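By written order: A, B, C, D and E. Residues from 1 in each chain.
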Amino acid sequence: MPDRPNLAELGLNPGKRTRLHRILFEHGQRNGTALFLPYDQGLEHGPRDFAPNPVSADPRYILRLALEGPFNGIAIQIGLAEKFYWEYAGEVPLLLKLNGKTEIPPDDAALSPLHASVEDAVRLGADAVGYTLYVGTPAAEQDFAQYRQVRSDAERLGMPLVVWAYPRGSAIEAKGGRDSFYAVDYAARTASELGADVVKVNFPHPEKTDAVKAPYDTPVTPEQAIRSVVGSAGRTLLLVSGGSHAGDEAMLTKAELSMAAGATGLIFGRNVWQRGHDESLRFVDRLAGVLAKYPSRPL
Amino acid sequence: MPDRPNLAELGLNPGKRTRLHRILFEHGQRNGTALFLPYDQGLEHGPRDFAPNPVSADPRYILRLALEGPFNGIAIQIGLAEKFYWEYAGEVPLLLKLNGKTEIPPDDAALSPLHASVEDAVRLGADAVGYTLYVGTPAAEQDFAQYRQVRSDAERLGMPLVVWAYPRGSAIEAKGGRDSFYAVDYAARTASELGADVVKVNFPHPEKTDAVKAPYDTPVTPEQAIRSVVGSAGRTLLLVSGGSHAGDEAMLTKAELSMAAGATGLIFGRNVWQRGHDESLRFVDRLAGVLAKYPSRPL
Amino acid sequence: MPDRPNLAELGLNPGKRTRLHRILFEHGQRNGTALFLPYDQGLEHGPRDFAPNPVSADPRYILRLALEGPFNGIAIQIGLAEKFYWEYAGEVPLLLKLNGKTEIPPDDAALSPLHASVEDAVRLGADAVGYTLYVGTPAAEQDFAQYRQVRSDAERLGMPLVVWAYPRGSAIEAKGGRDSFYAVDYAARTASELGADVVKVNFPHPEKTDAVKAPYDTPVTPEQAIRSVVGSAGRTLLLVSGGSHAGDEAMLTKAELSMAAGATGLIFGRNVWQRGHDESLRFVDRLAGVLAKYPSRPL
Amino acid sequence: MPDRPNLAELGLNPGKRTRLHRILFEHGQRNGTALFLPYDQGLEHGPRDFAPNPVSADPRYILRLALEGPFNGIAIQIGLAEKFYWEYAGEVPLLLKLNGKTEIPPDDAALSPLHASVEDAVRLGADAVGYTLYVGTPAAEQDFAQYRQVRSDAERLGMPLVVWAYPRGSAIEAKGGRDSFYAVDYAARTASELGADVVKVNFPHPEKTDAVKAPYDTPVTPEQAIRSVVGSAGRTLLLVSGGSHAGDEAMLTKAELSMAAGATGLIFGRNVWQRGHDESLRFVDRLAGVLAKYPSRPL
Amino acid sequence: MPDRPNLAELGLNPGKRTRLHRILFEHGQRNGTALFLPYDQGLEHGPRDFAPNPVSADPRYILRLALEGPFNGIAIQIGLAEKFYWEYAGEVPLLLKLNGKTEIPPDDAALSPLHASVEDAVRLGADAVGYTLYVGTPAAEQDFAQYRQVRSDAERLGMPLVVWAYPRGSAIEAKGGRDSFYAVDYAARTASELGADVVKVNFPHPEKTDAVKAPYDTPVTPEQAIRSVVGSAGRTLLLVSGGSHAGDEAMLTKAELSMAAGATGLIFGRNVWQRGHDESLRFVDRLAGVLAKYPSRPL
């Protein structure tokens, strides 16, 4: 049984605890783990991401996939939430993403502007909100200012806050890049220090040791790296994201290592819906199998 | 007995006085001195600071250390305060740090963005708030704007304001660097001019005379330097920070000189928790011995 | 060991827990019990209450008595808090009473108008706020409207809310009077239902069975009555008030029965300060002896 | 030297202390006492009050009288302050009266509605604000609600708050009347409990013992009564008002007794301006003579 | 008698007029002139300014000097006002400086960030606020935005606004420098055009004709220059600042020329307190002698 923090020991107010309980124990594997379906790529990368499986451009297709999974939640932006979620309202938890950006401008001073509010999420019946924090960006002042408002509203309204903790910008590129163990570990800790309830990170690459600070310049195993990242998140529940579509076995290995290390779950989008419907579900079924092996400790 | 300002002569409103009384007379040595345990390095430097003593990555370990010390308070960011302080609520005073940044972007125009509010501190039961002011930074406009709001809210809500007064940015590097006597003395005075109740500075280096303004280009002794810094702080109580982990004897000498000069206390983090548990407490015990020698004057 | 609710199981936010910890474990007997000194009678009854011991008209005398007790807190109105508490800031917890009235108008439609705010309490460094709710008053609409604001602010600012739950007004007089078991039990439950953290009630008189509803028309023992009242308060901590000056042995019996039943403490004013200084302290010492016998369960 | 509270021991914020210093030490006798000229009778009683000395209907006449006195301040309503004070701006302190009423409706449920704000007072350069609180009125709920806002604004803006503490309404008439010792003593204490910086009361009539509560039903001397009233006000500075025009010797006796008992000053209107100019000044000169005998203790 | 504008002809609202009356007629020479003691150099230049007379580092020394002068006011920042003014509250008028900066960053795009508000000034009992406007700075947009808020609040709250009108930044250096007659005359007019009640300028140097615009490239006498500057200020009262410590006779000549030209007063800091106590007062006495020669016209 992984050393994953328990809902009762997180200091959550009743609303946050209620909504996280719903996500973690009333959907998906119902065992304290989570498998999220993110679908914000239409804004983040543009419709080009839908080319491998054109039907994935239709939000209804994705919502049905979330139900079929069954997933613990679907992460979408305000527009899709307004126009499509009502048909499935309450059937799958909604994680409303509050900020986002296009891939068009350069990323040197990356900032993901806010386009929706925690109150929107309440109005839409969401069970969590998502915020992308670009850890290490030169635009940290604006990023923190947006984040401060979101964190405060989420606390006041009892809404779980999921932080996409992404090292980004010219400075991190000069210090070993965005997915080094140094960068991912720092990102997980940053989300924890700043009050995220859940943090989403990429799987760390401990083999990237160039230009990173000690002791990250000494290689460790992936097991050791992900265990450290989970520890850095502390009482902030950790989700590992799938990133761009890669090989299934590599993905399943990442999933297994993450869950064994104490992660709470996975958030896999393109690896799921950039393939045909049935193949998607077969892959999801294998992910669910991993989650089933790592239930939360009883209180 | 040092010529340290007395709580009764600081013009404090009742809330500030109540909370400072609690910190200075109901915890630690209970003699008007203070030993704070800062634990914001997970954000400021990243998890790499925990490598020398891996258990230090766990906020519970640090909170227990604060109780064992006994320390007069623990300085943490909003995330750790939300998720970990509740278990120790009221057992050790909370100093909520309201701004912070990662070490990733360059420091030329250093700014520590705000991520929490004085009202958060009230809600969490904190007895003080902390704000990092980068004295001399080219980003002073944003820094002062953030600070103005914090100072005003702290006054309105009776919350003591502790300013981390850190000379930082390209301009101070061109004028002798961040820890020259010129820089530290100026920083202490700046915090006093801007209304800090307590100021945290690094111990001044009077031997760094290159490029500093007169009369700081003439060497003085460390005793003379720290006495001047305490004087520049005036009725703003002064804490000397430990900085990066250094030799114990050097640290204890700094502590002794500071307290003899009228400092109110010390704020030592890495020097404490970047070593094993028992060794930490032995070092803390020696620091406490210094504080015990310098009680505040009776009213 | 009494079956008193524990701070850890009350669902308190960190600020409320911190401040209650301070009151219950850092003052008085430091064992989870409380002895409060109320001093709002100058407004509620006028200066005539000070006649038996004229020096009691001076708030400084009362504050010093609170320190000598030692009491867990002193309950005063905004005016005395502003003008007198600053000299003792932080030495004894302040319970700021937010509403009050004179005894001059008739009590048929009793209402205690608000004259201070939770934010005042924060600014003054208070550890709790007090609100008099006249249970059963025909003026309940205004009473609840005031209370709603106080409760909401207290929750937002992490300030424990102590409710003086007093059955009052023409309707309760027609149903057996203000201190019947029916009335007191109902008042304790009302405070609990409406979100008080602590409730202050008078000791119930189960022998007053006239005109009360069943089953309160059947006499029970005082032990049974107070145990029921504590149960009605549930996770709202219960304080028993002393009321007007009566015989010491009767008071000590009430105290003993209350504490044995699971009350958290006592709030005795006139019984304390309407007699000479030394005699006051001897009586307080006997009350403290009762509290010492009933520590809270460890977590 | 009377046992009058000192500005330094009142817990005043700097603005209140500055403005009270100005009134008490930079005008009038400049010895810590005060003689105020109230001129709100045009609203409270109508122009009929000006009949004995028709020129008194002209606010310019009264303002010049205030300068000639010299008085420590003039108490007027917003309209006269706006239209007449500018010509004498800063020459005599302005005490802006924030509420008032006509004498036309009956007084059973007396309430003096608010017609100006503390911010108006700041804008006009006033050194204090005045509020009439009808102690014991059945309309206490509205009265306290208005008062709460005024008190809070006055605290925030550093403006001394002078409370006209007037027992009024059907209930006090049934309990011995508005100027009994019971009523006046209670009124002084009420202002103190509710946070007035200065309280204005009528001289008590201890010979009115009918229907009052014990111990006020036992006659005491006027000396004893006024000493008790000053004590009930505590750290709220006390002004004795002249009331309707009476004999000079009786007035001077009241003044002498009040000042000897520790009152801070007098507020005499009709007794001053309801007679010819030179006679007014001769009477004022005698009042000033009384004040000169009772300077405040040095700090 | 100089052709100095009269308080009655400035279109001031009552609060501004009251407070300026206080400064000009109830302190210092009480003749409509002003001698201010500025003490913001601890922030603007750092503690190095106190080296010539080390006791000057203590704000209490400066406050006592202001009383001994007697000065018409002391100009300090929020921190010193909060911690030190309360002891002298009301004894000497407070001019609260609302913005300021350190000397550390370069001055090319000079901006003095706001750190306090007009409401702070009201709360502290100040009689005026000060704002540094860097006339001609490339950062004028931020400067004007800050100024607009200050001017508007000062108008609303009846608080006189003193503008430090300082030509500064790369552009004015390219056009003849900060103290040319062109620059100072333009600065005085700018303050007047933007709504200052009082403007503080340096004495103009009409001999600096290089690179300035016509007709300032033609030398005039100092008498002519200062007379022009006073005229440019118009109904904005003009104060001449002393600048860095220079010879007494030169200073007195500047003072005499300024007052003869219609300036309202002087604001001398380092020339006063950068020397021993008795010598300071002898110099102040000579300045007072100049002011005494130039009383304001009666209304």
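One rule holds in what follows: contacts are C-beta pairs under 8 Å (C-beta built on N, C-alpha and C of every residue); 3 or more make two chains touch, one makes a residue touch a chain.
Predicted model only: the values in this text are computed from it and were never measured.
Engineer: Quick one: which chains contact chain B and chain C both?
Structural biologist: A, D
Engineer: Once you find the CA centre of chain A and the CA centre of chain B, what distance in Å lies between them?
Structural biologist: 35
Engineer: Which integer distance in Å separates the CA centroid of chain B from that of chain D?
Structural biologist: 49
Engineer: State, to the nearest whole Å, the distance from the C-alpha centre of chain D to the C-alpha centre of chain E.
Structural biologist: Result: the chain centres lie 39 Å from each other.
Engineer: Any chance you could list the residues of chain E touching two or more other chains?
Structural biologist: Correct list: 82, 85-86.
Engineer: Touch graph of the chains shown: is it line, ring, star, complete or other?
Structural biologist: other
Engineer: With touch defined as at the top, which chains are paired up in contact here?
Structural biologist: Pairs satisfying the touch definition: A-B, A-C, B-C, B-D, B-E, C-D, D-E.
Engineer: Touching residues of chain E toward chain B in the complex: what are they?
Structural biologist: 40, 42-43, 46-48, 51, 57-59, 77-80, 82-87, 100-102, 104-106, 111, 113-117, 120, 142
Engineer: Residue numbers of chain D touching chain B in their complex, please.
Structural biologist: Residues 11, 13-14, 156 of chain D touch chain B in their complex.
Engineer: For the complex, which residues does chain B have touching chain C?
Structural biologist: So the residues of chain B touching chain C come out as 13-22, 25-26, 81-82, 85-86, 89-91, 94, 119, 122-125, 156-158.
Engineer: Could you please specify the touching residues of chain A with respect to chain B in the complex?
Structural biologist: 10-11, 135-138, 140-141, 143-145, 147-148, 151-152, 155, 167, 169, 171-172, 175, 182, 185-186, 189-196, 213-216, 228, 231-232, 234-236
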